[in-house]
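I'd like to ask you about the structure that follows.
Labels A, B, C, D and E are assigned to the chains in the order they are written; within every chain, residues are numbered from 1.
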Amino acid sequence: MSAPVEERVGTAVSLRGLRKSFGEVVAVDGVDLDLAEGEFFSMLGPSGSGKTTVLRMIAGFEEPTAGQILLGGVDVTGRPPYARDVNTVFQDYALFPHMSVLQNVEYGLRVKGVDRRARRTQAGEALETVRLSGFGDRKPSQLSGGQRQRVALARALVNRPKVLLLDEPLGALDLKLRREMQLELKALQRDVGITFVFVTHDQEEALTMSDRIAVFNGGRIEQLAGPAELYERPATAFVAGFVGTSNLLADDAAEAIIGVPGVFTVRPEKIRLQPAGAPAEPGRCTALGVVREVVYLGAATQSVVDLDAGGSLLVLQQNEGGSVQDKLELRGAQVRLTWHREHAVEIGGQ
Amino acid sequence: MLHRHPRVRLALLLGPPMLWLGVAYLGALAALFVTALWTQNGFTGVIERQWTLDSFRTLFTEDVYRTIALRTIGVAVLVTLVDAVVAFPIALYMSKVARPGLRRILLVAVLMPLWASYLVKAYAWRGMFSEGGLVSSAFNAVGLESPGYGLTATVVTLAYLWLPYMILPIYAGLERLPNSLLEASADLGARTGHTIRRVIVPVVIPAMVAGSIFTFSLTLGDYIAVRIVGGTNQLLGNVVYDNVGAANNLPFAAAVATIPVVVMLVYLAAVRRTGAMENL
Amino acid sequence: MTLSGPTRVVLRVLTGLILVAIYVPLLLVLVNSFNVNKTFAWPPRDFTLEWWRRAAESQGALDALWVSVRVGLAATAIALVLGTMIAFALQRFSFYGRDTVSLLVILPIALPGIVTGIALNNAFRTLFGLELGFITIVVAHATFCIVTVFNNVIARLRRTGLQLEQASADLGASAFQTFRLVTFPMIRSALLAGGLLAFALSFDEIIVTTFTAGANQQTLPIWIFNNLFRPNQAPIVNVVAAALIVISVVPVYLAQRLSGDTDSVGPGR
Amino acid sequence: GDSGGSGSNDTAGGFTPPDLKKLETLGAGEGKLSVLAWPGYAEDGSNDPKVDWVSSFEKETGCQVTVKTFGTSDEAVSLMKTGQYDVVSASGDASLRLIAGGVVEPVNTGLIKNYADVYPFLKDRPWNSVKGQMYGVPHGYGANLLMWRTDKVKPAPTSWSAVFDANSPYKGAVTAYDSPIYIADAAMYLMATKPELGIKNPYALDDKQFQAAVDLLKQQKGLVSEYWSDYLKEVQAFTSGNSVIGTTWQVIANVAKGEKVPVDVTVPTEGVTGWSDTWMLSATSKSKNCGYLWMNHIVSPKANAAVAEYFGESPSNGKACAETADKNHCTTFHAGDQAYSEKIWYWTTPIEQCLDGRTDVKCADYAKWTQAWTSIKG
Amino acid sequence: MSAPVEERVGTAVSLRGLRKSFGEVVAVDGVDLDLAEGEFFSMLGPSGSGKTTVLRMIAGFEEPTAGQILLGGVDVTGRPPYARDVNTVFQDYALFPHMSVLQNVEYGLRVKGVDRRARRTQAGEALETVRLSGFGDRKPSQLSGGQRQRVALARALVNRPKVLLLDEPLGALDLKLRREMQLELKALQRDVGITFVFVTHDQEEALTMSDRIAVFNGGRIEQLAGPAELYERPATAFVAGFVGTSNLLADDAAEAIIGVPGVFTVRPEKIRLQPAGAPAEPGRCTALGVVREVVYLGAATQSVVDLDAGGSLLVLQQNEGGSVQDKLELRGAQVRLTWHREHAVEIGGQ
C-alpha cells in the first residue's frame, strides 16, 4: 500500500519525549514519533487517550510540559501557531461565519500578504480540488456538513503546509457521507503529497486510510504499525480489542485448544465454521461448540459460538452463496470451528 | 384542548404583554406626540386643544435647537465609541483569557457599579474634574491643561455611567464565539492583531451595536449628568426637561422629544439587519 | 491557548486599568463619606464618622430604600411575567408581525427615558386618570424592565429548543406538568439573571421615576436627588451610596452563583 | 427709594382670576396633609432628626404630613396642577400662574392667628395677592446676592458689571443661576446701565428691552464657567475655584464660609432680585382645614425661625428672630429691614400684560423667557 | 429471525394514507403501514426522506396533513402526545439536565401520579434492565454517551408503552459503542416484547437489528421487506445503492456478461476474484478485468476491478488466510470475476 518509512526522503514531524499535563491530569505521557514526508499517519484511540492534545501541541495551541517538537528537522517547540508551517482541519470545521467560502479559503494567503489576484487564483484552485467551484460566494451556514468539511480542507490546503493536522474531521458526518469522504480524502492526500496526521476513534477509518497507525491509550502509544500488522498482529489485548473485535482464548480453553497456556486472539474472519462431524484438517486448530446466536449483516453473517472448552468465539462468514435461511437455522446447532495455527496470535496479557 | 389551537395559545401569551406595551405604552407615546400639535396658554400652562404646527415651526426655525440636537447626537456617538473601545478589551479578557473563577469575579466587578447611585457617581466625576481634582491633577502633572467642566467631562462621565451596558453584550457575544475560530486564524498564519481585526471584531460587531442602543438612548435622554459636569452646555434632554418640568410647556416639550425618538427609530432601523436585536 | 502570550499580557494590563478607572470614582465616594467637608471638597481636610452616624438615623433614607426595593420587586415581578410570555410567543410561534413585537419590546429602553417619562406622566394623568404614586412608578419601571427578562429568556429558549418539552409530553405530562417540571427549571437561571438586571435597572432609575413618582413615594434615587439640593445633607448621600455598593455585592454574587452559567447575565443576550 | 420696590405697583397685570370662594370658618383637621415644598421648607426629621418642625405640627393637629419637594418654581407649578397636593410654598415666579390657573384659592387670613405678626411690607404684594385679596401666607424672603472669592477677586466688586461686562477679568470663572428668571437680573442691570431702554420693571420687558437683556446674557455666556441650580454645585465650584464670582443666596455663602472657603457677598449698586415665598392652598384640596392649620403653624415664631435658619433666609414673622439658634440670624439676613427689602426685585411671573402698567405694548411672557433661556445657553 | 407478520396476534400501529406537508415541502407523501405487536421495525433512508416526520406524527408532535394513525386499532390522529401510549427515544436523548438519572427515569410515572415507593421500584428495575443500577444519583452530564443512551431507553421503557419510537438513537455514539448498543438494544427488545419503530440512516444497523425494514425516499416507502430480501433482492436501483454498495451492470456490459440487456446489481461479496487464467465454472457468470485499486479493511479486502466489457465492479474478499501483501500486490493485475447467475439481480431501472 505504501513504501516503508525508511525509503522516504525526510522526516516531516518528530516528537521527542512529548508530555503534557493539565494540573493533575497527565494527558500525554511521553510520546516519541517520527513521521515521514508524504505519509498518511493516523492516531487511533479511545476518548481521552490524548490524541487531540498531541495534535494541538504540534499545531502550537498547547505548550508541552516536556519534550520537543521538530518540523522538518527544526525545533519549533516554543513558537506560536502562526509561525509553524502546519495547518489544521478542526472537528467542528471552525469556518469563519462572517466570511464567504472564498474569503475563508483565502484567509491564510491574505494574512500572508499575497496580492488579491494571486489569492483568487489559488483559492479557486483549492476549491476545485475539493470539488466546490461555484460555491465561493456562499456563507458557511448555507452549506451542508460534507461541504463545510471540504471548505475547511481547502482552507488548510491552500497554504501548502508541510503537514496537515486533522482532528476527527469526519466525526460529524453520517455514515454514507463519511465513507465517501474517506475515499476523497485519501485520494487527495495522494495527489498533494502532504503529510497528513489524522485523528480518529473509528478503527475501520484508520485501517482504510492510513500508511501507519499509532494506537493511543492513556496518553501513551500502545502500538505503532501499518494497518495489516496492527490488525493481524495486535501487540496487546487492548489493541486487539480496539482494532477489530476481540476474540480472546485464555486459560483452560487456550490450553485445551491450542495446546499452550497463554492469551490468544483469533480474528472472526479467520475462523471456518463447519458441521460438527466434518473431518479435522492437519495444521489447523479445532474447537467444538454450539451456535448461540446468528446475525445477518448483509455482506456477511456473524455467529457467536459457545465453546465446549469454555468461552465463546465470534465467527464471520462472507455471504458468498447459499440461502440466508440456512445460515440462520444453524442457531443451536453443534459445530466445529477451525483456524490456521498461525492466526491464533499470542498477546502480551494486560 | 389548547393543544389543538395554537392561535388561541398565542393570543393568550401575547395578549397581556401587548395590552401593556402596544396599547398602554404606545398609546402614551401617541398621546404625547398628539400634544405636540396642540398649544398651551403661556401663563396658566393650561393645554389648549387647538391644532397647530407652532411648536414644530419654532423647533425648525430656531438655530439653537439644531445646534443642541447635533451636539447631543455628537455626544452620544462619542460616548458610544468610548464605551465600545473601553469595553472591548475587558470583555475579551473576561471571555477568552480569564479562568472561570476569575471570570465570575470580574463579571460581578463590572456589574457592581450599576448599584451605586447614578447621581453619586456623577458627582464623584464632578469632583474629579474640578480644579485640583484627580483629573486636573493628572493633566497638570503631564503639563496639560485640564479639560474642566464641559463636553469632554460630559462624554467621560456618561461613558463611565453606561459602561456596564456595553461590556455585558460584548462579553456575551465573545463568549459565544468558539475558541476554535481564534485557533483556526492563528493556525492559518494570522498574528493576534490580524485575528482581532478580521475574526473577533466582525463577529462582535452585532454585540457592540446592541450595547450602543443602550448608550445612545440613555445619552439622548439624559439631562442630569450634563448639568453636573457639563459646564454651560445643554443637551436635548435639558431642553425637554426645561420645557416640561420648568416651563410646563408640554406641547413644545413633546415636539422637542420627537428629535431623539426619530434618531433612535432611524438607528434601530439601520442596525436591524446586523442582528443586533438578537444580542441585546 | 487562544490568544498569544503578549496579547494576554496586554489584555490583562488593560483590564486592570479599566477596573481602576471603574473603581476610582466609587472609592472616591467611599472616601468622601468620611470627608468632614459638607460639599466633599478634595482633598479632604479631615475625616469623620459623623455622616455615617447621621445616615444610620436617617429615616428618610431608609423609607426611600424600602420604597425602591418594593418598586424594584414589583416591577421585576411584572417584567418576569410579561417578558417570559413574549419570549415564549416569539420563540414558539411564527406569526405575522413578530418583528414588530420584538421591536416593541425594546422600544421602552431604546427610547430616551425622558420621553418615556413625560409620555407616561401625561398618559397617567390625562388618559388613565391615575394619581401618581407607587403604582405608577411600578408600571413605568416594569415597562422598560420587560426587555431584560425577554432577552434572557428568549436566548435560553433558543438554546434549549423544544425537545425537552416534547420528551415530557411524550412521557405523559400535561402542558401544565411540563411547564412546572421541565420548562420552568430550564429557564429558571435565565429568569434570575434577567430579573436581577431588571431590578438593578429599576433600583437606580431616576429620570422616568421623576415623572411618574407621586407626592408620597420617593425612591432612593429621588431621595438622593432631593438631598443633594439640601444644605448639609450631601455627605449623607455619599454614605448611602457607599453602603449600597458594598451591600450590592451580595445579591449580584449570589445571582451569579445560582444562575450557574456566567454568560446568561447581560442586558440580555 | 423707588428704584427697587416692585411693590409700588399694586395693580398686578390686570388679569381676572377665576372666581373661587375662600373658607369662612375653620373646622376640624381632616387627618392628613400633602405638602409640596422647596427642599428644606418642610423637614420632618427623616433626613436629620434634629431638623424637624413637622412632627410637632402632626402631634398638635393630628394632620399626618407627606412632603414632596421640587427643584424649580416651574416644577412646582406643574406638580401643583396634578391636584395631589394640598399646600405649596410658591415663589413669586410661580404664584401668579397658580392663581391665574385656578390651582390655588383665596385665603381667609382672618383664620390664621399668626398672620398678624407677619411683616406688613410682605402683605398684599403683587406676587401673593390679586386686587387686595391674599392668596396665601408670606413665609420668608431673600435676595440673589453677588458672591465672590475674596482671595481671587480683588478689589471687592460693588457692581454686577463684574459678571456682565464682556471684559470682566473673571472670564471663565463666573457663575449664574440656571433658570429663565435669571433674565430679570440682566434686565435689572440694564435698567441701571442703559437707561435709554426705559426698563421700569425687570419682569415687564417689551420686545426691545427683552432682546437687550437676552443679548447681554448671550454675551455673558462667554464668561460663565457653569450655571448653578443647587447649593452643592455652587459651593463645590467656589471651593474648588472653578467659579470665583457670581450670583448666590445667603445660605450658600454661609455654607461656603462654614467650609472655610474665603467668600463674601454684597448687594451691588444696581440692586438685586430675590424671592418672597408664600404658602398657598390648593383649590381642589380635600384637607383645607389641615391646610389652614399648616399655614398658621409654618409662620409661627418657632417654625418660621427654624425654616429661616435651616434654609437660610429672612423669616416673615418678626417674632421668629427671638427663636433662632444663631442670635445674629436676623441681622445677617436683614430681617424686618424694610429699606433692604424694598431694594429687592422679587421674582414675579412675567405675563403678556406688562406688570409695570404699560398698556401700549405687549411684554414677553414666561414661555418666551423659557425659550430665550434655552437659546442663551445655546 | 422472526415469525411472519400474519401470525402475530394484533396490529400495534397502522398508518393509513399518511401525508404531511410543510408549506411547499411535502415531507411525507402517502404512507401506509401495519406494524405487528412485538415487531422490530426499521425506517431507513437518506437525510430528508421523511423518516423523522413519520415518527413525530406517530408520537403526536406533528399533526398529519392527511391520513390516519391507529394505535392498537384505535384512531389517535388528533390526540396530544401525552394521551398516546407510545414513547420516544430521541436522537440526542433529551434527558432532563436538571434531574438525576433516577428522576429522569421516574418522570413518566410521576406525572401519572404513581406513588413514590412504586415509582422507585419500577425505575430501579428499568435501570437494571439497561445495566445502570447504581447510577441513579448522577446527573446526565456525568454520564458517557452510551450511558445516556441507556437512560433515555430506561426512561421510555419504564412506562411500558405499546410502541417505542427511536429516532437514530445510536447516531451520536462512536463506532465501537454503537455496535455494542445495537446488540443490547436488540436483546432488550426481544425480552420486553414491545414494538420498536427504529429510524436510522445506517444500513448495516438496520440489517442487523430489524424484523422488517421500510426504505424511504422522498417521503414515500420505496421497498418494505425483511433484511435478507431487501439486501439480496433490492426492488430498485435506489434501494440497491442505499442498502449496501451499488454494483451496477448496465447496457452493453450487462448484455455481454449476463447475456440479457437490462440493469443488474451484484453484491461485492458474491463475486469471486480469480487469476485471469482460471477455468470457467458452469452456472456462473464471468467477466474479465483489471484491478484498479485494493483497500485493506481488516476483516476483508475490497478491490475495484475495471471490466473489459465496460464499467467497474467492487469485489469483497474475506481475509480468511493468505498474506495481505499478496492481495495488495494484485493491483494492476488481469483477473477473472465470477458469480452465480442468480446473484445478478435485475432491478427496476429508475
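As a convention for this text, a residue touches a chain if its C-beta (ideal position, glycine included) is under 8 Å from a C-beta of that chain, and two chains touch if they have at least 3 such contacts.
Model, not experiment: these values are computed from the prediction.
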Worksheet item: Going by the contact rule set out at the top, which chains touch both chain A and chain C?
Response: B, E
Discussion item. With centres defined by CA atoms only, which chain is the most remote from chain A?
Written reply: D
Fill in: Most extensive contact between chains (C-beta pair count)
B-C
Discussion item. Averaging over Cα atoms per chain, report the distance between chain B and chain E in Å.
Written reply: 57
Practice prompt. Could you tell me the distance, in whole angstrom, between the mean C-alpha positions of chain A and chain E?
Written response: 25
Worksheet item: Centre to centre, by mean C-alpha position, how many angstrom separate chain A and chain D?
Response: 90
Worksheet item: Of all the residues in chain E, which ones touch at least 2 other chains?
Response: 80
Discussion item. For chain D, give me the residues that contact two or more of the other chains.
Written reply: 71, 232, 236, 240
Item to complete: Spell out, as numbers or ranges, the residues of chain B touching 2 or more other chains.
Response: 3, 123, 127, 130, 132-133, 183, 186, 191, 244-245
Worksheet item: Contact residues on chain D for chain B in the complex?
Response: 15, 71-72, 74-75, 77-78, 81, 96-97, 100-102, 178-180, 221, 224-227, 229, 232-233, 236-237, 240-242, 349, 351-352, 365-368, 370-371, 373-375, 377-378
Worksheet, complete the sentence: The chain A residues in contact with chain B across the complex are 59-61, 80-82, 86-88, 90, 92, 94-98, 107-108, 110-112, 155-156, 159
Worksheet entry | Residues on chain A engaged by chain E in the complex (per definition of touch) | 1, 47, 174-176, 201-204, 207-208, 227-228, 231-232, 242-244, 267-270, 272, 295-300, 316-321, 324-325, 328, 340, 343
Practice prompt. Note which residues of chain D are touching chain C in the complex, please.
Written response: 34, 36, 39-40, 45-49, 66-69, 71, 79, 82, 84-85, 230-232, 235-236, 239-240, 251, 255, 258-260, 310-312
Worksheet item: Can you name the residues of chain B that touch chain C in the complex?
Response: 2-3, 6, 9-10, 13-14, 16-18, 20-22, 24-29, 31-32, 35, 86, 89-90, 92-94, 96-97, 100, 103-104, 106-121, 123-125, 127-128, 130, 132-134, 160, 163, 165, 168-169, 171-173, 175-176, 179, 182-183, 186, 191-192, 195-196, 210-211, 213-214, 217-218, 220-224, 236-237, 240-241, 244-245, 250, 253-254, 257, 260-261, 264, 268, 277, 279-280
